[in-house]
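Shared chain: chain A. Partners: chain B in the first complex, chain C in the second.
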Partner chain A sequence: MVGIVIASHSRKVAEGIYDLATQMTGSNHSIVQAGGMDDGSIGTDAILIQQAILSADQGEGVVIIADLGSAVLSTQTAMELLENETIKVVIADGPILEGTIAAAVQASIGATLDEVVEAVESARDVLKLI
Partner chain B sequence: MTTAIYRCLEKINNAIADNKTFLSDLDGAIGDADHGINMARGFGEVIAQVPQDEEDISIVLKKVGMVLISKVGGASGPLYGTAFIKAAGAVNGKRVLDLDDIIALLEACLNGIKMRGKATVGEKTMVDAIEPALSALKEGKEKGKSIGECIELACKAAEEGVEYTKTIRATKGRASYLGDRSIGHQDPGATSSMIIFKAIKKFYTDEIE
Partner chain C sequence: MKQGTFKLKNRLGIHARPAAEIVKMSSKYNCKVVFEANGKKAEAKSVLMLIAIGAKKDTEVFLSIEGKDEQLLFEELAEYINKGFYED
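== the complex of A and B ==
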């Protein structure tokens, strides 16, 4: 199954999104949250994200969804630290909450890495008011 | 027995800590007011975690980078962290630095920051302080200046870079949300870079010259 990492400035945000996503998937997931600093304060930690990528990987690659700009920088730093590993890692560009939910559902039904990335990107256009 | 590189890092940490409120206030004007807090946290951890007696400067710089990418929290974590990690690669195994090494080190820092942040000069970022500082070092070397004189020229260039950032609008980071309202405010990242250069100058003047 494709792994998913939630990279947020806030641990509460990452944990909350994790809770929503795993409610949809049940125990059939490989989602790891990587939010906030290790003392619980707001910020991003590239080492934490690197460790989350390693945890989430089940051999089919890992998709990362980030909240704001510097979460992307920290994630790219984490990916560079993993350059010598054979894990395929991609940052998917979509809203962190809706994107993670879409990714979690796709990954749980056996989607490929590219399909999970596409699901996150499609979440950008979903309208909520009908 | 602490090494020179460690004592230089202590000077940097002290300068950042002394300017913590100033940097956060600058960031409060055009950002989210946490640059000083983040930098103080990051460099405080550097002093706590970096070995005091490691003589291989590249090992020390790599460790500084790894601490910063984890402990700063804001964008300056991956930016300064990547800078120090790349700098380590430029001075592999060295225990003493000459002027060529210092230039290679700063060039690696700048290229790391530009690669990570995708900024160039004129976008109101730390690049606006660091790139002029690097040019000043290179010019100083060409003119046959001493290391101390080159560092002084680099600091002046960084100061001018910081002044320049007041005249332009932000295009990166949270300050970019303010557009033209960011004009008139100096960039916090360029300011912390200048503070770091001045701390290195002070270390050089106090201990090496």
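== the complex of A and C ==
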């Protein structure tokens, strides 16, 4: 199964999104939350994200979804730290909550890495009100 | 093409959990599955679209399935919907 890492500046946000996503997938998931700094404060931690990637990987790659710009920077640093590993890691560009939900459901039904990334991207276009 | 209209029975309607389940059930078959309610359409392959149609208790939902196994999938989804997504 494709792994998913939730990279947020806030641990609470990452945990909350994790709760929502796993409520929908049930225990059949490989989602890891990576939110906040080591001490629980607001911010992003490349080491935390790196560990989350290693944890989430089941051999089919990992999709990372980030909240704000600098989370992407920390994620890129994390990916550089993992250069010697053979994990395929992709940052998917979509809203963190809706993107993770869509990704989680797709990953749980055996979607490929590209399909999970597509699910995150599709979340950009879903309108809640018409 | 198999089509049908259902009135939702459970309080929360097509919220997160049943939406995810509908995606999973539909993914087993190679069919085009569309849910329609409140003037909005959602393809059953998109969990976000399914939740976005905002179907709640007593909402009339129109389901249309097209594909080789449409009968089978229709029956499965019909049961799931009529059982109120096994909630309440």
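Observations, loosely collected:
FYI, the second predicted complex is superposed on the first by the 129 of 130 C-alpha atoms of A that agree within 3 Å, B and C clash if a C-alpha of one lies under 4 Å from a C-alpha of the other, contacts with A are read in each partner's own complex, and residues count from 1 in each chain.
What we mean here is this: a residue touches a chain if its C-beta (ideal position, glycine included) is under 8 Å from a C-beta of that chain, and two chains touch if they have at least 3 such contacts.
Fair warning: this is a prediction, and the values are worked out from it, not measured in the lab.
Once chain A of one complex is fitted onto chain A of the other, the partner contacts of A:Val126 are limited to chain C, with no touch recorded for chain B.
Touch criterion not met for A:Ser55: it reaches neither chain B nor chain C. When both complexes are overlaid on chain A, the residue A:Thr22 reaches neither chain B nor chain C. Shared-chain residue A:Val105: touches chain C; no touch with chain B. Chain C contributes residues 16-17, 19-20, 23-24, 27, 39-40, 46-49, 52 to its touches with chain A in the complex. Residues 34, 38, 66, 69-75, 77-79, 81-82, 116-117, 173-174 of chain B are the ones that touch chain A when the two sit in their complex. Those residues of chain A that touch chain B in the complex are listed here as 9, 37-38, 41-48, 69-70, 73-74, 76-77, 80. On chain A, the positions that touch chain C within their shared complex are 20, 23-25, 98, 101-102, 105-106, 108-109, 122-123, 126-128, 130.
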